[in-house]
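The next block holds one structure in the form of structure tokens; read it before the comments.
Chain nomenclature is as follows: A, B and C, assigned in order of appearance, with residue numbering initiated at 1 for each chain independently.
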Amino acid sequence: MSSFDHNPIVAMQGIEKHFGPVIALNGVSFDVRPGECHCLLGDNGAGKSTFIKTMSGVHKPTRGEILFEGKRMDFASPRDAMEAGIATVYQDLAMIPLMSVTRNFWMGREPVRRVGPFNFIDFNHANDVTMEEMRKMGINLRSPDQAVGTLSGGERQTVAIARAVHFGAKVLILDEPTSALGVRQTANVLSTIDKVRKTGIGIVFITHNVRHAMAVGDRFTVLNRGKTLGTAQSGQITPEELQDLMAGGQEMVELEGSLCGTV
Amino acid sequence: MSDAEAAIDERIKETSGLRRALIRPELGAIVGTIAVFAFFIIFAGDSGMFNAQGILNWSTVSAQFMIIAVGACMLMIAGEFDLSVGSMIGFAGMSIALISVTLQWPVWVAILLTFAICIAIGALNGIIVVRTGLPSFIVTLAFLFILRGFTIFFPQLIERRTIIGGISDVAVGDWLAPVFGGKILGGLFVWLADLGLVDVFERGTRAGGPVVDGIPMLIIWALALVAVAHVLLTRTRFGNWVFAAGGDAQAALYVGVPVNRVKILMFMFTAFCACVFATCQVMEFGSAGADRGLLKEFEAIIAVVIGGALLTGGYGSVIGAALGALIFGVVQQGLFFAGVESSLFRVFLGVILLFAVILNTYIRRIITGER
Amino acid sequence: MNTFFKRVAATAVAAVALTGAAQAEGERYVLVSHAPDSDSWWNTIKNGLALAGEQMDVTVEYRNPPTGDLADMARIIEQAAASGPDGIITTLADPDVLSGPIRAAVDAGIDVIIINSGTPDQAREVGALMYVGQPEYDAGYAAGVRAAGDGVSSFLCVNHYISSPSSTERCQGFADGLGIDLGNQMIDSGQDPSEIQNRVMAYLNANPDTDAVLTLGPTSADPTILALEQMGLSGDIYFGTFDLGGDIVQAIRDGVIQWGIDQQPYLQAYLPIVVLTNYHRFGVLPGNNINSGPGFVTADALDLVAELAGEYR
């Protein structure tokens, strides 16, 4: 894997996050290198969303440090993280369904063309770029004017990913992108992740589905009760072992036995 | 990564260009406008509704609705309401009257000062809404009462009256007053009258002159506001932010849209529109009354909803709202021409509102894929 | 645009021809009031209008601004003029707003009679044929003189339509008739019955020395009757009102209200139709304005009034 030749783009070391008396993160170490897909697995309540928000600049860590391209960074806001090149695609808040694909794609960074004293959105350019970027991700839009609401869940995730890639993300954080999708759409999103990885962007893929993680992951880190339980390389760990780590102990093996290994 | 990989979903039907051109947010309002005009041409075609005076009458009323509907439309798309529009109209008119007639300041100063006050109140509305996170419905309801109260209190305190007249007299020779209360293209109507296309006065000081002596600036303001707002909303970056702020404020914030600033600006724009309405009215009639603008906020919202905007924000069209205002005005005035008992106006309005909303919901589902 | 306009003009020409033909059968008159839909006092006017239309065999229409907004009323007058009736009967609630449209209608060849609000002078100024109504200040003054004779020296004026200048004139006239200053003795009661009732009670609690109450119509009189009853002041406090209605007549009979000033609104709708029809058919016109009121209705000879109150009285 070529990615191991590179230094991490983002490295988080010994991150702790306390909310008053509640310790949400209690020593998390995690890094992502260019061109790899690093899966972060954890059960509900393991601290995944606190972790994402810390990485994307929403929360400030109570202890520990974040290194971005080797330098210590203090993100004051999501905007800072975004400008540094950390893009986050949230589960629900990615898109505005009532607006067109183009308008969503360019939201906040609309290209303008000057006509006399006025600035108008350059829709020709915006539409062309949107169609092209979506095509690169393997989605042929009917029209760039079609509302995002008419797209499937997987396609919406893809628009959000394409948007982040187009605007120069170095690290892409995907928050449970497959959790609400059907089999076919999940496969599409996973193949999109694969395409993005090949362009040299580091991907943080958050999920609680071991099979989805195994399908595209280069490395796997398990988060349990606010702590990372170590990182494994692809091929060095079986799905069952990952599942057990997520559940936090051996009881999962017994449980799984009684469910005939279907979990 | 070839195009062949991207399979087109075979379940999505190919749609024809005509169908796509038709399915727009304004479609409901366009259909409604055609239906309303067809109705009145059949039932009131020979009643004077479509002579020069009649056309001027319903155009003026529709233009009034349009001016406030444009503001309400932009604000509604940005996800907020302003219920204080009607009170703002009364307040602005009274402010102009008190400053120009009672204080004897020049009329242009009164107008500019009133615009500044109203826009500041609009900004205050907006700031309270975005800072407290309270529903704009409640905040602006408070201002509905506050402004109406002041509109009655100040003239009573100062002049012991609730209607202040005499503005026409002090406005003579003012440079700004005709921009709101004047008429243009007077020569055109003299010419049309000479051709016999427009009736002339039979007696009085204006005998021989055309019964319609120009297009009121009110109508020009309405058309200009519609055009500017439409371009702003659909063609500019700011317009995209307005949609985004109303569509999903959180998602918009994540990509760096200054949602709060957009919303505050839209409150200010709504106040500006209410002030244009009030200034045109005061300059035309020469007096301000404490009861001006009652219930106008609802009429504006109704026009906007007929025009296809979504009450919860993020979706709508200025052109639609303008057509909604046209429908409203034509129905209100047309029922008289058609000889319908005036109390049935509300029944008609209710029926039209219901039909428009049902049709608009259907269209919107096609466009946005809502289920 | 131009072709559209021509087509419209052609329609208009056809319209004029058609209505011209219709005129031979029955004249058409429009009455435009300033009253909001909620003001039930105008029912008498509607009835008078309908009856006169029936008797004279003419078409009559009643129009009003739904919220009582006078700017809307101006539009209705313009609209009425555009529809080309033989005559318009309207009130002059605010000359600033209404005189323009009325004068335009007069100049367009439509005969106008001013009723109810406004003064004979203002009616002449806008070019109306005549004024039919009760001069507000004079009526208030006459009532004030009468009350002064009964020993009143302070009062409360319950104004439910404060945005109309004529309502203030009634209170002012009453104060002048009493020979006192109006001062703070006029309250803006709003139109809601329970609000009116509570405001009257609040005022009388705060000013227990008040000798008299003056209300300006059933809208303010009916809740005031209830307020006095609740405070135990019925019959104790001197109570006069403008206009009549079912509850007012009953209160006069019970001795709660000393007198009601009847401006006889029925006549304000009925007479103009009769006058206009005769003018248009035979060219005859009374030589002066017509005062429909004031008439003081007291407990004596109430029966006919009681029977027809709210309908024709």
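Keep this in mind: a residue touches a chain if its C-beta (ideal position, glycine included) is under 8 Å from a C-beta of that chain, and two chains touch if they have at least 3 such contacts.
Because the structure is a prediction, the values reported are computed rather than measured.
A.B. asks: Given which chains touch which, is the overall layout a line, a ring, a star, complete, or other?
C.D. replies: Graph shape, chains as nodes and touching pairs as edges: a line.
A.B. asks: Need the central chain here, defined by C-alpha centroid distance to the all-chain C-alpha centroid.
C.D. replies: Chain nearest the overall C-alpha centroid, as shown: B.
A.B. asks: With chain centres defined as C-alpha means, what is the inter-centre distance between subunit A and subunit B in Å?
C.D. replies: Here subunit A and subunit B have centroids separated by 45 Å.
A.B. asks: Please report how many Å separate the Cα centroid of subunit A from that of subunit C, as a whole number.
C.D. replies: Whole-Å distance between the two chain centres: 73.
A.B. asks: How many angstrom lie between the CA centroids of subunit B and subunit C, rounded to a whole number?
C.D. replies: From the centre of subunit B to the centre of subunit C is 32 Å.
A.B. asks: Among the residues of subunit B, which are close enough to touch at least two other chains?
C.D. replies: Within subunit B, no residue touches at least two other chains.
A.B. asks: Any idea which subunit C residues touch subunit B in the complex?
C.D. replies: Listed in rising order, the residues of subunit C that touch subunit B are 5-6, 8-9, 11-12, 14-16, 18-19, 37, 61-64, 66-71, 74-76, 78-84, 94-97, 100, 103-104, 106-109, 127, 162-165, 168, 188.
A.B. asks: Can you check the complex and tell me which residues of subunit A touch subunit B?
C.D. replies: 78-79, 82, 88, 90, 93-99, 103, 106-110, 112, 118-121, 123, 135-136, 138-140, 142-143, 147, 149-152, 195
A.B. asks: Could you pull out which subunit B residues touch subunit C in their complex?
C.D. replies: 41, 45-58, 60-61, 152, 156, 160-163, 165-168, 192, 197-199, 201-207, 211, 281, 284-287, 289-295, 333, 336-337, 339, 342-343, 345-346
A.B. asks: Which residues, counting only subunit B, touch subunit A once they are in their complex?
C.D. replies: The contact residues of subunit B facing subunit A are 1, 3, 5-6, 8-9, 12, 15, 20, 231, 235-237, 239-241, 243-244, 247-248, 250-252, 254-257, 310, 314-315, 367-370.
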